[in-house]
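Please see the structure below; I have some questions.
Naming follows writing order (A, B, C and D), and every chain is counted from residue 1.
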Amino acid sequence: MRIGLLTSGGDCPGLNAVIRSAVLHGIKSYGDEFVGFKGGWRGLIEGDYTEITRHDVRGLAREGGTILGTSRTHPYNHPKGGPENIAKQMKRHDIDAVIAIGGEGTLAGAKRLADDGVPVVGVPKTIDNDLKATDYTFGFDTAISIATDAMDRLRTTGESHHRCMVAEVMGRHVGWIALHSGMAAGAHAILIPEQKVDLDQVCEWVEQVHSRGRSPLVVVAEGFIPEGDDEALAGKGHEADGRPRLGGIGEWLTGRIEERTGIETRNTTLGHIQRGGNPTGYDRVLATRFGMKALDLAHEKAWGHMASLRGTEIVQEDLASALDGLKAVPAERYEEAKILFGR
Amino acid sequence: MRIGLLTSGGDCPGLNAVIRSAVLHGIKSYGDEFVGFKGGWRGLIEGDYTEITRHDVRGLAREGGTILGTSRTHPYNHPKGGPENIAKQMKRHDIDAVIAIGGEGTLAGAKRLADDGVPVVGVPKTIDNDLKATDYTFGFDTAISIATDAMDRLRTTGESHHRCMVAEVMGRHVGWIALHSGMAAGAHAILIPEQKVDLDQVCEWVEQVHSRGRSPLVVVAEGFIPEGDDEALAGKGHEADGRPRLGGIGEWLTGRIEERTGIETRNTTLGHIQRGGNPTGYDRVLATRFGMKALDLAHEKAWGHMASLRGTEIVQEDLASALDGLKAVPAERYEEAKILFGR
Amino acid sequence: MRIGLLTSGGDCPGLNAVIRSAVLHGIKSYGDEFVGFKGGWRGLIEGDYTEITRHDVRGLAREGGTILGTSRTHPYNHPKGGPENIAKQMKRHDIDAVIAIGGEGTLAGAKRLADDGVPVVGVPKTIDNDLKATDYTFGFDTAISIATDAMDRLRTTGESHHRCMVAEVMGRHVGWIALHSGMAAGAHAILIPEQKVDLDQVCEWVEQVHSRGRSPLVVVAEGFIPEGDDEALAGKGHEADGRPRLGGIGEWLTGRIEERTGIETRNTTLGHIQRGGNPTGYDRVLATRFGMKALDLAHEKAWGHMASLRGTEIVQEDLASALDGLKAVPAERYEEAKILFGR
Amino acid sequence: MRIGLLTSGGDCPGLNAVIRSAVLHGIKSYGDEFVGFKGGWRGLIEGDYTEITRHDVRGLAREGGTILGTSRTHPYNHPKGGPENIAKQMKRHDIDAVIAIGGEGTLAGAKRLADDGVPVVGVPKTIDNDLKATDYTFGFDTAISIATDAMDRLRTTGESHHRCMVAEVMGRHVGWIALHSGMAAGAHAILIPEQKVDLDQVCEWVEQVHSRGRSPLVVVAEGFIPEGDDEALAGKGHEADGRPRLGGIGEWLTGRIEERTGIETRNTTLGHIQRGGNPTGYDRVLATRFGMKALDLAHEKAWGHMASLRGTEIVQEDLASALDGLKAVPAERYEEAKILFGR
């Protein structure tokens, strides 16, 4: 087969490992040829691609980012998009199948294309861990690793100054990064979009910890909204295009905690470092296995399906199941974490 | 309740995180008291313990090792061991339950004690990932992380000198560390105890890679035995007490590869650095959740049971299931990895 | 001797290593006793201290922060401060000498006290590397290490999205952190307080890099002021107490670059993670040697002097020399770095 | 100018950063052209080289190893070597100058060639820090960083098991890596080639630490020879080609300590991971500055000279001064470290 690869959506450590393993598996096991579309769906729609040889994927398991580039182009919204044009492009360039690596939006596009007869399979990608169709995705573990390391550093400074430290992590709609990195770092409060918590409660946790002579660490997901403070937060949050506005929730919260408790408080917004750089060993293994599975799916003509992790196994899932709403942090996982808050 | 904790067997990143979360959960949710037995079962048998307060577990989520110390004492083999003495010790010191954190041997002891009426629950611990009763254990991810990082370093040196690099990792009976770290590092051959591979095959992989102008990376688990070479290996391997002998399999293999292929080859035996130091975020989360679950099991009087990871959930397993033979790397996982060998 | 230690000013990796080595050296070589003043000069002024034994400094070489806590109290501005009260406190508690570990302000206070007859020696501390009296201080290398690692991550994301990435690092008055971390990360522009650069120049560098198909990385010290834009920046920068205001120079610059060049641009403000956590090996060695030297200075009654690094040697410097203005980045070092900008 | 670059001797983190900065500086400041000789002097002697463009050095500041490859070929010992042939090769390929990056042997060769009229300048490279002609070389800080991190891990395992841990680090002739990494990790004994220490003394230090309930950490350079034990060590050490024999000094010492003290003792030989992988920020800055200086030296026709670090400045040194014997650890530096041994 002659297979086209594309990476779409936000950057994520492990994309290159997927590309590498799909290509190596295809060349070795099936004698496949590969092309890489540049800048996600745009490359496919515009026929902008490059051949990918074994040499091109050399050493990629450990490299962050994507050699193909990425964009937020949607296969149906682009002026030249849609299944007919895409099928035409594939035919013109003699491409038998597309492996689309991306998040919810990408997989939704892939599903719709497959339903419209385009031979597409998917690989799920999200550092946010917000897809129901898989236990975990690559990129999430790297984000946890980076955030945990950063919080370990914040804690020593907090203790030296007897300050409260606030760390704002990624997670506009779900709180998985905050939950796991906060638990790993021993945070005294974790605030996530799925759970309303009011400022009084946050300040109570902070004060409990401070009164024991310790320095409170508060982890907040960028999408958290404090209960009863929607107004205060109006105009906060994010731009339409997903870019954080000046002074996100971390900054806002820092001011409120200091104001109410009188405890010196400092914010750090971890930002883009959470989604770049070399993937962890965990993410490289997962991405490598996903890449091989996606290649197998293409050979099985399992269009409209994607690779997925269930327990320790890589299985196949219908892309439809990836699109059935975001995977929120369940209430019981938050309750579990909450046991360690405060005091 | 008044609960005793013990850590037993080889060191493992995450032990302190288990201790911390069990203690914090117990104090906060149930008003429990805690003691820590020193040096594993020995401390329990000899009544050598210390009280553990909230202050003692402060900051422990990130610390490697175990504040309780560990040993290889077995609860039945110790002269003063056995269920009656242990029950007596618990009564004397007013201890209602024991949480035993350890590997296969420890859990077997815990199971037998529970069967003999001692109130014990377990937490599985093995950096080797060799327990069937849980998807993963804490410590494994940290070992992968350390080994992967080391191999990334070996590769640049291999490339600079056009050498073959051999990395010997832990895994006397199972090859999980070799499999995952080798896949993460893009190894060209992975050799594990579960799979017989002969030297001709290894050298063929090495030569394929070298002939493409690249530097082969061979990852070998300490317990790997090359097919047909038992004799050559006689006297190699490990001492009765588990200590590696001078010149383990990595050294041996390095000599053979160089001899047969004429390619300059170097060995690095990663050794004890794989099991020490700060746990990864992944392992901290898992250990923290295990600690809380074990505490709940004690309150549920689920004696003879242990915490276990299944998919993304922490569940309870009968300790008997932990003892049903080692969890070997399945043939299909090795075949999956093998796709990327050689060439 | 009975010696008091204090740490003062902002947190800095290596403070604990200084404390440890001074204490171990004193106990072993001279039979000294040690106390630690809590919260910097405040502890000395108020007689708030604790005995420090060998046990207390165990394992401290690798720990970030300071076990003594720190504050910004000045020995002369505190209501009960001044040389007479301090001498009285020292006499009351039988303390023969003080080792003051801190930055410019701390060392100025130490100098003045020594001139007023109080037996004080100093250890220089600044992550900013802004002291003329020593080649380097501990904490600086750790800050470079953290910032470089963060920028490595930002670069992969920049490349994946063909974005310009801006990284704001510490350095309100001097640009050493920006200079070294930017050079280490291969930045395409480095902007520091010592050098006026106008926006046109910055945008030209950014466009040169972007036009070659690469993703520009711009590193900016928090204290940089673009030429001719003082007005635009009015109200930006920092609060009186040193806390960054919402939207520092990194945010501001990001907006301007995007506006003018049309290239998608993102800011990351590294913030407090640059000054916390475990010190690098380099900083541990330097801090350890400083601690031992300061102890020797106390025994030599070299009041008003401090430990200093010159080349590879630890020497003694008059505290007066530490206070002779900030050590700015010399023009020739900036010119050297500039060779690699743009294009 | 048209300038040839070569890297020679053992691998070292920072080689690629030297190449990159020399090339970028040359292209931008002087309009130079560059070629890279493959495999050190061999490439020069045999005319085996490749053009190096700006594109080829992209992203190299952070990459370990050398894109040019390396070897131990000597410019005078190779059958086709010697100044006449080399000059002829340079003329044939229109090369005006050579920048040779390497250790003592390489720089000796460069000096002799320069004396014989070949236009060569040098860049010092050694992870061992054994060159008198410069305060530090790139690669050393990375080695310290890796070794320190490994020892931090060994310590937690030592403490958990109440064992003595031995770490063997690089340093066949000088003990700088052992000295700095041991001091950084808080080692209880550091053993280096420059200082004779007998086993009784080592065991006394180990026992002092163990008797306080702590776990001794012993750091030994591979070239250390215990006093009075030359016989016992006969046959130990290294092969003629520099490869460690089975069971180096670390293994040997581990056996002796356990034998004499009865304390369970374990060895870890860090090996090749010390010289591979991404350089630290410190080493990237130093290597970058060295590369730019070497390029300037070529334009100044300062043949027979090399870049050198003195304090914080990059200066020029005669290559002769690089060859005036190894830079050993001075006795006073060992005495300084020794203060923290034992107890």
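Heads up, the rule we're going with is that contacts are C-beta pairs under 8 Å (C-beta built on N, C-alpha and C of every residue); 3 or more make two chains touch, one makes a residue touch a chain.
The structure presented is a predicted model; accordingly, all values stated were derived computationally and were not measured.
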Shortest walk length in steps over touching chains, subunit B through to subunit D: 1
Subunit A and subunit C, separation of their C-alpha mean positions in angstrom: 34
For subunit C paired with subunit D, centre-to-centre distance based on mean C-alpha positions, whole Å: 29
Computed distance of Cα centres, subunit D from subunit A, in Å: 40
Residue numbers of subunit C (touch at least two other chains): 149, 152, 155
Arrangement of touching chains [line / ring / star / complete / other]: ring
Pairs of chains satisfying the touch condition: A-B, A-C, B-D, C-D
Interface residues, subunit D side, partner subunit C - complex: 20-21, 24-25, 28-29, 54, 58-62, 135-136, 141, 144-145, 147-149, 152, 155, 180-181, 183-186, 214, 278, 280-282, 284-285, 288-289, 292, 310-312, 336, 339-340, 343
Subunit B residues touching subunit D - in the complex, by the definition given at the top: 7, 11, 13, 15, 39, 63-66, 69-71, 146, 149-150, 152-162, 165, 243, 246-247, 251, 266-273, 275-278
